[in-house]
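Mind having a look at this structure? Questions to follow.
Chain lettering (A, B, C, D, E and F) follows the sequence in which the chains are written, and residue indices restart at 1 in each chain.
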Amino acid sequence: MEIAVSRKAHFNAAHRLHVKEWDDEKNKAFFGNCNNLNYHGHNYDLIVTVSGEIDPVSGFLIDMKVLGAIIHEEIENRFDHKNLNMDCEAFKELNPTAENIAVVIWNFLRNRLEKHLKLKVILYETERNFVEYNGN
Amino acid sequence: MEIAVSRKAHFNAAHRLHVKEWDDEKNKAFFGNCNNLNYHGHNYDLIVTVSGEIDPVSGFLIDMKVLGAIIHEEIENRFDHKNLNMDCEAFKELNPTAENIAVVIWNFLRNRLEKHLKLKVILYETERNFVEYNGN
Amino acid sequence: MEIAVSRKAHFNAAHRLHVKEWDDEKNKAFFGNCNNLNYHGHNYDLIVTVSGEIDPVSGFLIDMKVLGAIIHEEIENRFDHKNLNMDCEAFKELNPTAENIAVVIWNFLRNRLEKHLKLKVILYETERNFVEYNGN
Amino acid sequence: MEIAVSRKAHFNAAHRLHVKEWDDEKNKAFFGNCNNLNYHGHNYDLIVTVSGEIDPVSGFLIDMKVLGAIIHEEIENRFDHKNLNMDCEAFKELNPTAENIAVVIWNFLRNRLEKHLKLKVILYETERNFVEYNGN
Amino acid sequence: MEIAVSRKAHFNAAHRLHVKEWDDEKNKAFFGNCNNLNYHGHNYDLIVTVSGEIDPVSGFLIDMKVLGAIIHEEIENRFDHKNLNMDCEAFKELNPTAENIAVVIWNFLRNRLEKHLKLKVILYETERNFVEYNGN
Amino acid sequence: MEIAVSRKAHFNAAHRLHVKEWDDEKNKAFFGNCNNLNYHGHNYDLIVTVSGEIDPVSGFLIDMKVLGAIIHEEIENRFDHKNLNMDCEAFKELNPTAENIAVVIWNFLRNRLEKHLKLKVILYETERNFVEYNGN
């Protein structure tokens, strides 16, 4: 009897899409205005979904306050009010596309959750564009 | 060719998280202000998803008005403007966590749907916290 | 050159509509299931709007973090995860309708804001029902 | 390492639910006011989800601008500000239920995406009623 | 001490923008695809705001259930699942722009509310386009 | 008979709150993480409201497509996928607080609208923080 519990979080960050192996012209052609030299930014909305068995005594899968604290420590502290390319170790060599940010977030959270729990993240770059990653 | 049809509903209820087998101190420590003696409350949003084959003549999987009526009878009538702990038989012995409420809702709806249809429910306790259950 | 700055907050509470001067029958007839003896509850969303002149140096009307902290202290601390009728002094004698809750919130916040700032509050009892009060 | 990328689009259209093989009485009884002779209409919201492997160089699964352009050409151009029953070839013989519209949309998009990419569509007829189809 | 109480409603309708005094070419040039001969449609969202004094005994400005019933009778019954141009008397001679629909709605509701109450309506044609009218 | 017509737009931008007349320590103390040296960013949502008399023939106050085009030219082209501090002339000397951005936007739009139309803008920096400016 598996249940999934989700919690919403958010962070506001600057970023720029840029591949270091490509020259400026190719970056500009491929990423368009997302390649803007001086960055642009987003209000990222994040939905973290954890699934597993309900504890029959407490009626919880996971304490949402605990889950919220993990998201705060691992994700919001790292990324909120930051420049992803310049301020965040994770994107020193990795292009901060929504896809890559979602994978990075998943990895940070995976380390903090017990092994028997499954994990999925959905990252909204805007309300019109979002990505989903579950580690498979 | 399987399709999923979803319908949104909602109910406003009071509840309190409390495990009868635990003493007050443990309940308070574990559930925090969700254990408040005099209850608190939520606008619960519910998404009910039914999946199966489209009827080739009508073009419906299930008549959304029929599905809406079932949700109204089984869920809104039972839980809307109620105290889940005090007014609802289902939670006399069961702690009304979002996880447990979702399972209870799923069971009530499962009984009313034809066997060949799959069922999933998503229950939003707040717009930041929600759970999903599909009976597996 | 007047500008209005708004900040959203929320609290989850139980309540019951009941007028002490009326007998049970009249209360039931008038308030319907909102009069349920054992309470029901809501996720209240609150929008607090402060207006006045922009400070020409900082570019702020009011620091949103300061406004957020005032809302947290005055409103969320008082009402979140509470039973408005039983746990909150403000509603010992006052029926906690959305209208009355909005006026009570406005009064608490008015005391904490500088006199030259105007104040308006919008309180959503559900996403379909809301009230607005500006003290006039 | 599979990731899903979603993009939201929308179109505003008139339609009428009607099965040609049924007489008027049966259509009226079955579809109710959705069978209204002179049509009614909706703001359809569409979420298109494509999944596959992230390109390790660009960090993209698919360029969202390219995906957006495909949705615009195949779906918005065909259905936006149209009468689905009268103006759209796809529904000359097919009842434009949400279920059938989702399948039609999926087929149009499937033809434009590379084979190794999976495709899912979610179509909101209203914010309370929506359908999901992934071709299986 | 004036308070405003708002209630959200909705109706799904087909319409077409067309001025009878203009020829087809001028209509097409002016209204673009909103002039589509066979209509298109929308999920209209309506917010009705009533303002006045709170009743000191009940704590209500107006009973939201009563307000909801008036909106249902006057607006939803008239316009939901209808073709505004063909099925609705109000638009036989009047172009059903969002502006005109809002004025028509305001007039229907004004007749049903007590004189001492102020009335405002906001009509969303889409979530990106909306109009507001208060009778002044 | 005045009506207000609103249209929603959006732009994604990086910014940093910083007052040039203050030293780094004072900026850091006053603006906190909004002062982050390398910028952060937001999805700004903008609601532009124009009010005046309905044209009795067309039934329009203003053609929403025309209004949308003005917003696109004046605001989205200037600010979308930009660094407000570095890329935008308007903020070379002006701190890009939400308040100041709203005033700048209002001024750009005011120049493009006919004198008899009133103008108001609402700018959401996040869904929890927003400002409103109408030029008075």
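A few remarks follow.
The criterion applied here is as follows: contacts are C-beta pairs under 8 Å (C-beta built on N, C-alpha and C of every residue); 3 or more make two chains touch, one makes a residue touch a chain.
What you see is a predicted model; the values in this text were computed from it and never measured.
Considering every other chain in turn, the ones in contact with both chain B and chain E prove to be C, D. Under the contact definition stated at the top, the chains bordering both chain B and chain D are A. Using CA-based centroids throughout, the chain positioned farthest away from chain D is C.
The interface with the greater count of contacting C-beta pairs, when A-D is set against D-E, is D-E.
With each centre defined as the average position of its C-alpha atoms, the distance from chain B to chain F rounds to 41 Å. Distance from the chain A centre to the chain C centre is 34 Å, each centre being the mean of its Cα atoms.
Chain centres here are Cα averages; for chain E and chain F they lie 28 Å apart. Counting partners per residue, chain A has 127 as the residues that reach two or more other chains.
Contacts between chains, counted with the stated touch criterion, involve the pairs A-B, A-D, A-F, B-C, B-D, C-E, C-F, D-E, E-F. Across the complex, chain C is touched by residues 10, 12-15, 33-34, 36, 38-43, 80-83, 86-87, 126-127 of chain B.
Those residues of chain A that touch chain B in the complex are listed here as 1-8, 49, 54, 57-61, 63-65.
Those residues of chain E lying in contact with chain F across their complex are 17, 19, 21, 30, 32, 94-100, 102-103, 127-133, 135-136.
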